[in-house]
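Multiple structures follow.
Both of the next two complexes hold subunit A, though its partner changes from subunit B to subunit C.
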Partner chain A sequence: MTESSFILKHPLRVRVFHYLLAASFLTLAVTGIMLYFKLLAEPAMNTAMQVHVVAGVVLTMDALAFFFLAFDRVVLFTKRTFTFSGNDIKWFAVLGGYPQKILLHKKVDVPPMGKYNAGQKLFGICVLVGGTLLILSGWVLWALPHAVPHGAASMIGSIHLYASWVLILFLFVHLFLGIYMWDDFKAMFVDGRIPYEDAAEKAPLWVKNDLRRLG
Partner chain B sequence: MNQETKTYRKGEIPGIIAINARECKGCDACKRFCPTGAITGMFGTTHRVDVDRCISCGQCLINCPFGAPYETVDPVDEVAAKLADKHVTVVGIIAPAVRVAIGEPFGMPAGSLVTGKMYSAMKKAGFVILDNNFAADLTIMEEGTEFIQRARHALFGEKAEHGGGIGPLPQFTSCCPAWVRFVETNYPALIPNLSSAKSPQQMAGAVAKTYGAAQVFNVAPESVYTVGIMPCTAKKFEASRPEFQSAWHFTKEKGGSAPSAPYPDIDAVLTTRDLARLLKKMKINLAAENDAEGGTLFAEYTGAGTIFGNTGGVMEAALRTAWVVLTGTPLSKIEFTAVRGLKGVKSAAVTLRDRKYGKEVTVKVAVVHDIRANIRPIVEEVMAGRSPYHFIEVMNCPGGCINGGGQPVCDTGSSWIGRVLPSFAWS
Partner chain C sequence: MSKNDPSHEFIENPFSLSRREFIAIGGVIIALLALPAIWIRSALINRNHHIQARTKGLYQDDATAKIRLSHENQAVMKLYKDFAGKPLSPVSEELLHTKYVNRMKALS
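And then the complex of A and B:
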């Protein structure tokens, strides 16, 4: 395979954002589960809470930095995740062909997708909405519980809980499929590039409509 | 002594407040309101109440953003059963601060004064009214007279009229059960400085079961069931104190038909929240009631009793009494505005002429509320013998009883953000 057969899928700004997001969110998920189930002795629970808070601050800073320093990517990501077509429904009907491929070793017809398939769009929406809710509710719960009405504090606690459960459950799927699609995994964590053939197979509409050759 | 606790006597309720582990987020908010550091548990962990340090004030309960603290004593069903028993005279003893808060759970604006509606709703429920303002008037006569006695003893060497000892100055008020327990558990050397007068609730209970039973209700003392209706969770603790069985002792000494086991002066205490639940359970909508009169001698009171619910109210009432007793002349202006307001520690000096000794006396008083923030410098000064004051009113809760731990929980948040911001998780 030649150098020219690779295409840039994840620019450096996106990869740095994702490194910090992955590190902070995984930490938040693990410590959050510890705190929710009250799994540890008191000093360890206290440490878990402190780590949870620090990771939450890192996640917030990461999100703010990406929003302001890579606003074009935020707009593009938002536009792509919120753009739907009939193909998305058809994609969900076969779940992207992954169960058949993984469990039955069968290949089924999958409707053509853009840069993000329908499942990734759904995850993206959850990350955008759920992540925003988690950040905002987390700050209120940590720093300003008495700046809001009592009833609202309780509701914000519930929002924080449910949003985190949704994202944690999605995270397992995301991790599994991320590793399953090893080229994409390497691209996100190493140099941002994936083989052209891989992109043409999994994201034909992206390759056809959005990509242009440089140089 | 309770086996599991160190600071309670037999019969006393050890800890009115507990924390629901399922609801507690470990956010530490409650610790910022606890006057005694009784809430344990590190940030992020389930918090607990150390009952030996807890003074049952309930400030954690009304300020927890997640509603985790709760009351361990809920007498609503017991009171409902007594109200249904036609052989029992159930006396509702209504504290001053309840009437400006009980409207809230029935959809009325915060601060609505609903004395008449409350009388009506409670009579419909089966209560006989004993307005605690009546008992507050009794308290201030006792407390004010005691202060005069202590002052004359300190200044002029006057002896006790009936023998016995006379307490030292400064005299502290004793109406607030959280404050009394604070002294007992933190500064026991200052117990003699506390006024020996009972709180209005406890005077009311004893009066209802003695004079009330014989002269007003015309029933046997043991068939009177007294219910304190209070803005305060610590009043539940106060009612359980073993020294408050005066009516039983009195009846027994007078040869009346007292049962062998002592009965308490106050049988149950309902907080403002509890009363709202009771009325709702009985399908009585207080907001829809017409105004009614109290209907007995026990619903008569003065303005001095009414202001007991605010910080400074007891002191202002005491000063009015002291003025009249010492000078023998009525006040031209009854307001002592220097002791009003929400400043943490307020002080005033009142010069008056003691007609008995023919000398001018300057009485220096202080008013303290929110003891978490304000009391320690005052008591340390007294302990060191450097206090300039002769009489000090203390109420545990910020603002006084109107902001007690038994009041409706405010859904609109509070404004201590300025105190939170500097510390966050590492406080």
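And then the complex of A and C:
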């Protein structure tokens, strides 16, 4: 294996989906927090609500486009996030070795992972389930609040609130680790490529089982 | 970025997901997404059920009532005959009618 070998980890359609997802979700999170804590005066709150709705529409369009245009990636992502083994429990036992590496500058043995480690799988499940709930509940709350029974509207509001809190809290971890793993960050936001050595270290089972050499 | 792009030598094996897995997982995803859609449709259809039930009950009461018109009500007829005289009479106006009162100040 040469030193200059690269793997195409994130194809263009995945990166475009992620650009729009990141932009719309960050906007939704910021405006959602403003609306929940009533941080602004009334005219600014109205503007925040309008921005929230527009970002919600962008997120929905992005999710629908990816669902229909890249259904194979949706299925593959679902399979990977919902596939567990004993290694995932062992990974959680050491939290992927990140606290030791970041806080103590120590390297501990981490069980071999596939494309997604156990923490990413948990995040992936939250994104799939929580994201779907957020989109559906958001549309009902915005477009059909008077069309659903009162009790149902209240329950849907609670679902929207709890799902958004889970995803916002996870987002902080995702952002921190995304930037900490700089090669992966560049791959997602720039050209989709990750160095072979980096992938072989962090995702050895993916490199061993799921890759194909070109040409 | 095409498959023959020299900037990378490896891609994910497109056949790492078998056809059977694709159909099974894809089917489960579509079925799970259909459930909330069915629930929302059902909630929309049933949103006026309590109003419809109330309306139906009122019509049912009306259809089975012996006296269906207020001016044919024996008690009302007796009231006018013995006491109030006729509809809109001074006594009726005094007892049965009301006037506009601005209560905004009292409420504020």
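Keep in mind that, in the parts below, the second predicted complex is superposed on the first by the 211 of 215 C-alpha atoms of A that agree within 3 Å, B and C clash if a C-alpha of one lies under 4 Å from a C-alpha of the other, contacts with A are read in each partner's own complex, and residues count from 1 in each chain.
The rule is short, and it goes like this: a contact is a pair of C-beta atoms (placed from the backbone, for glycine too) under 8 Å apart; a residue touches a chain by one contact, two chains touch by 3 or more.
Just so it is clear, the model here is predicted, and its values are computed rather than measured.
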Combined model on subunit A: subunit C and subunit B, fit or clash: clash
Partner touching more residues of subunit A, whether subunit B or subunit C: C
Subunit B versus subunit C as contact partner of A:R212, first or second or both or neither: second
First (subunit B), second (subunit C), both or neither touched by A:P149: both
Subunit B versus subunit C as contact partner of A:L141, first or second or both or neither: first
Which superposed partner A:L171 touches (first subunit B, second subunit C, both, neither): neither
Contacts of A:R193 with subunit B and subunit C, given as first, second, both or neither: second
Subunit B versus subunit C as contact partner of A:K38, first or second or both or neither: first
First (subunit B), second (subunit C), both or neither touched by A:P11: second
Partner chain in contact with A:V53 - subunit B first, subunit C second, else both or neither: first
Residues of subunit A that lie at the interface with subunit B and also at the interface with subunit C: 144, 147-149, 152
Subunit B partner contacts - residues on subunit A that touch it in the complex: 35, 38, 42-43, 45-46, 48-50, 52-53, 141-154, 157
Residues of subunit B that touch subunit A when the two form their complex: 21, 25-27, 29, 41-46, 63, 65-67, 409-417, 420-421, 424-426
Parts of subunit A lying in touch with subunit C, wherever the complex brings them together: 5-9, 11-12, 71-72, 74-76, 78-79, 132, 136, 140, 144, 147-149, 152, 191-193, 196, 209-215
Subunit C - residues contacting subunit A, complex: 1, 3-5, 7-14, 16-17, 21-22, 25-26, 29, 33, 36, 40, 43-44, 46-47
